[in-house]
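Each in structure tokens, the structures are laid out below.
First subunit A sits with subunit B, and in the next complex the same chain sits with subunit C.
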Partner chain A sequence: MNHARQYPRHWRRPPQIITDRRWRRILPLAILAYLILALGSLEIDGARLIEGLERGARFAHGFLQPDFTSRWGDIRQGLIESLTMTLTATVVGILVSVPIGIGAARNLVPRPIYLVCRSIIAVSRSLQEIIIAIFLVAMFGFGPFAGFVTLAFASIGFLAKLLADDIEEIDASQAEAIRATGASWWQLIHYAVQPQVMPRLLGLSLYRLDINFRESAVIGIVGAGGIGATLNTAIDRYEYDSAGAILLIVIAIVMLAEYASSYLRKTLQ
Partner chain B sequence: MSKLAPRVGEPTHYSRIWTFRTPRARLALWFGWLALVALFVWCWQLMNEGTMWMFVADAPRQAADIGSRLFPPKLGYLPELLAPLWDTLNIATLGTLGGVIMAVPVAFLAARNTTPSATLIRPVALLVIVTSRSINSLIWALLLVAIIGPGLLAGIVAIALRSIGFVGKLLYEAIEETDARQIEAVAATGARSSQVIHYGIVPQVLPAFWGISVFRWDINIRESTILGLVGAGGIGMKLQSSIDTLAWSQVATILLVILATVVVSEAISARMRRALI
Partner chain C sequence: MLSIDRLSKTYGTQGGASGDTALNNVTFQVPQGQVLGLIGPSGAGKSTLIRCINRLVEPSSGTIRLGETDLAAVRGRDLRRARRRIGMIFQEYALVERLTVMENVLSGRLGYVPFWCSFTRRFPGHDIENAYRLLDRVGLLDHADKRADALSGGQRQRVGIARALSQEPELLLVDEPTASLDPRTSRQIMRLISEICRERELPAIVNIHDVPLAQQFMHRIVGLRRGEMVFDGAPDDLDDAMLTEIYGAEDWTAMRQEHEDDTTAEQDTRLQLAGGAG
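Now for the complex of A and B:
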């Protein structure tokens, strides 16, 4: 009799992620404590924010009425640098990353080569483009050449890793069939591996082209050429209408590249 | 007339050796490569019009010089880095929080099965996602530093704005992939649309939601370490001032700290995501 009364009358959704009752009590408290600490270390300057509102409005205005013409020479130069840098860096990145990617596939090469190639990939992936760019600008001087080397270096880590992972997942029976005909290692790569990974490699290359353009808009901030340098100058001069124009161009090219590359990848695969 | 003579219209010659591609495909491929090489050479020349090859040739010497200055990292600098590191972690975490909070409604408006209007509201939500995604967080920070002044707040807002697109896109794809039968079953009990979302959709996308958020947090840690380069607070400010004063041994220390932070956050996020799935 007593049992029936204690039985819950309303169904409540059971917890999904954290099912332990103790954790469900502790976690919100921990999060609250963190938020108080974190927000406490924020220093917000109210006067500066109010001043910022006016600038924000000017920027929004610049974005709505972009000024393409008065700095068109600079914008054009920046765009040419960005686009050429993107293409050359992607091509060189692919050329270098294919051998490294093959070398980093466990099923194709002996262990020492595998380890060397994997560590090259790890180095390239762990550093961010912008930090690499700082060093390369110091080495090669200002301008798009430093940007080109930065993007090529960053592409290697990305492409080689994904290519290597893809090669490791190929259908082993096809490779074995080619090997059973007495094919050499090069023939094995050409007839068994290449046909299986080529569509994906093409897709990844297009994707990297897209990423490289986005990054080329950033590394200009530290002096590596491209549209980022133009944008940085425009913002430093408080020319928000030119900055708005540059951002609109960047967004348009990124969108175009994204749609084109996803369309191409769909037709290729 | 011999019986073996070919009939009219039949090819008279069969290649005895198997080849990878037909001659036509080979020709097309060859032209494709030629066009690519030509494009590359053209771009290369256009890019390097203003390049000073003298500086490029000088690069190995410069690299050796910088390397020698970097090398013994100044470990005594570490205590000074703790406060900026805490700021960096806060930028990433609070920024992710803000970004996720803004991304959830955008994702529900952008998903085809939950949007209130596919012709009017969905394109706007998609535009928000694309705009946020195509501008890098460093550029967002550059703008925000100019607008709301240098400091942590600019970094947090930059990270939040950049996260909307990423979280929004992945989340709306997850919402579109939910099982329609479960949603229909909830709707069949007479649930309101908010109840349908609560009992039909949320349980299906919750693991994906947490996975995406943790993944973005990990990326944000990585990005927040450099936001200081444009004045948006955190350890990047120290990096910028060390580079400006050519204190390369301090730069080396900062890079080590950044590397360690990134590795740790990546490990945490990988563990959390594995626990979620």
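Now for the complex of A and C:
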């Protein structure tokens, strides 16, 4: 019984998700078959594609010769509307989402409040910005006010959910220690929760600010004012050179916001 | 004076089904100035016991009297009033890491000041004076404006001690104060806690894993096993047979030997330092 035991020299990672060998063969084939059938149902029209390419070329051409001047008044107006909408909506969004976010943190509030706040978040998140904008434009009429309300509403779902998730993951022992001093609920929030989630909340707010600016360009197309409305008008008038100019400005502002917010977030950590 | 009478805690009893018993009819008293060590294996109910006292955990039955108050029965504002009379020191320090050392110490006053006062950081002058005095006492006066996460483990635990003391407590609850510290720092922290209790005539309940350390610093030891008290007596009465009763079989003599080696090494270092200085 003294000879050394033989151990295998080969090892393969056992399958983790689909353990049945037959399913591992069938599933990729089924997916491939579905993909082919789905592509077949797309009704791709070759002639229309070629025609579209021509339009695309005109569009690209407009991009290469952006016209900032002839519609500058409209562009300026649209930009100011968009930026105003973005900033006000983000500020209102933050102010409303902080209490909702706290209410949606399971470790801080009684169950009924938790459920109510989570439902508000769920409603806000389940509706896409454009759909909300269409409703609100119908309610408040064309213009930036509808856009402002749309963005504020969408910000609430986003910020409150991420804040609540972050609060649920705080270090419980720090909160326990503050509770043990005889602190009230408000003091607990201010001394144990706020210091732990503040950097993240600031980061999220800056991130939301730049999302809101991008969204403001999209919801303008359905009538909620801002640079999106200007863009829509330019495309409707086949003024691709002005449209190109607007897109370039939007890209520049988004990039600027991106750099500024990542820089700020780094210094805030 | 703290007296605990037939304290029981059963976890997970919602709907009447009986869950795990963490504490079963625990009864003892802690007179003024006594430092009581609570020993027992993990899961014996040590943490639950001290958390029942300041109601971070809800006891299932029994009474806990601190002075005239039944801590097991108070609610709402009265509970917060009761909590501020009890200082607590935690295992992993449980400082609020992103606040300054001073804010952490002042947070011991939260039960005394109104929300607005704490929100604007405008604590009464005597609270601030007292916080500085406590930081000086634990040797961290120069660190008052540092963020808590900039300190070492031993320093953080000193801040934890200052925070608990700033409550001007009538009782100190200490949960594994040395579990994440090295042996030398552990001794320093235990020495600090026992000195402070002596200075202030403060009763304390200390959860402690380290049996030799408990025997060195505690006035009295209570042993828990599966939620029941199996030992209550002087540290010297805790012999190997008793330890086996509490923890199960283990080589206790070897553990003591190790502890003595640590102590001798510590003394050697101190002598060398003293020699080097002189």
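Assume the second predicted complex is superposed on the first by the 245 of 269 C-alpha atoms of A that agree within 3 Å, B and C clash if a C-alpha of one lies under 4 Å from a C-alpha of the other, contacts with A are read in each partner's own complex, and residues count from 1 in each chain.
Here is the rule we go by: a residue touches a chain if its C-beta (ideal position, glycine included) is under 8 Å from a C-beta of that chain, and two chains touch if they have at least 3 such contacts.
If you're wondering where the values come from, they're calculated on a predicted model, not measured in any experiment.
Asks: Using the superposition on chain A described above, determine whether A:E176 touches subunit B (first), subunit C (second), both, or neither.
Replies: Touch status of A:E176: second partner only.
Asks: Quick one: classify A:G56 as touching subunit B (first), subunit C (second), both or neither.
Replies: So A:G56 only meets subunit B here.
Asks: Quick one: classify A:I251 as touching subunit B (first), subunit C (second), both or neither.
Replies: First partner only.
Asks: Regarding the shared-chain residue A:L64, is it in contact with subunit B (first), subunit C (second), both, or neither?
Replies: It touches nothing on subunit B or subunit C.
Asks: So in the superposed three-chain picture, is A:S184 touching just subunit B, just subunit C, both, or none of them (first/second/both/neither)?
Replies: A:S184 contacts subunit C only, not subunit B.
Asks: Between subunit C and subunit B, which one touches more residues of subunit A when both complexes sit on the common chain A?
Replies: B
Asks: Let me test your reading of the model: by the given contact rule, A:A192 touches which partner, first (subunit B), second (subunit C), both or neither?
Replies: The second partner, subunit C, only.
Asks: In the superposed arrangement, what residues of subunit A touch both subunit B and subunit C?
Replies: Common to the two interfaces on subunit A: residues 191.
Asks: Where on subunit A is subunit B touching in the complex?
Replies: So the residues of subunit A in touch with subunit B come to 13, 16-17, 34, 38-39, 41-45, 48-49, 51-52, 55-56, 59, 80-81, 83-85, 87-88, 91, 126-128, 130-131, 134-135, 138-141, 143-145, 148, 191, 214-215, 217-218, 221-222, 228, 231-232, 235, 238, 243, 247, 250-251, 254-255, 258.
Asks: State the interface residues of subunit B toward subunit A in the complex, per the touch definition above.
Replies: It comes out as residues 20, 36, 39-40, 43-44, 46-48, 50-52, 55-56, 59, 62-63, 66, 86-87, 90, 93-94, 130-131, 134-136, 138-139, 142-143, 146-149, 151-153, 156, 199, 203, 206-207, 210, 222-223, 225-226, 229-230, 243, 255, 258-259, 262-263, 276.
Asks: In their complex, what parts of subunit C are in touch with subunit A?
Replies: Per the stated touch rule, the residues are 54, 56, 80-86, 88, 90-92, 94-99, 103, 107-112, 115, 118-119, 160, 163, 167, 173.
Asks: For the complex, give me every residue of subunit A touching subunit C.
Replies: That would be residues 171, 173-174, 176-184, 186-187, 190-192, 195-196, 198-199 of subunit A.
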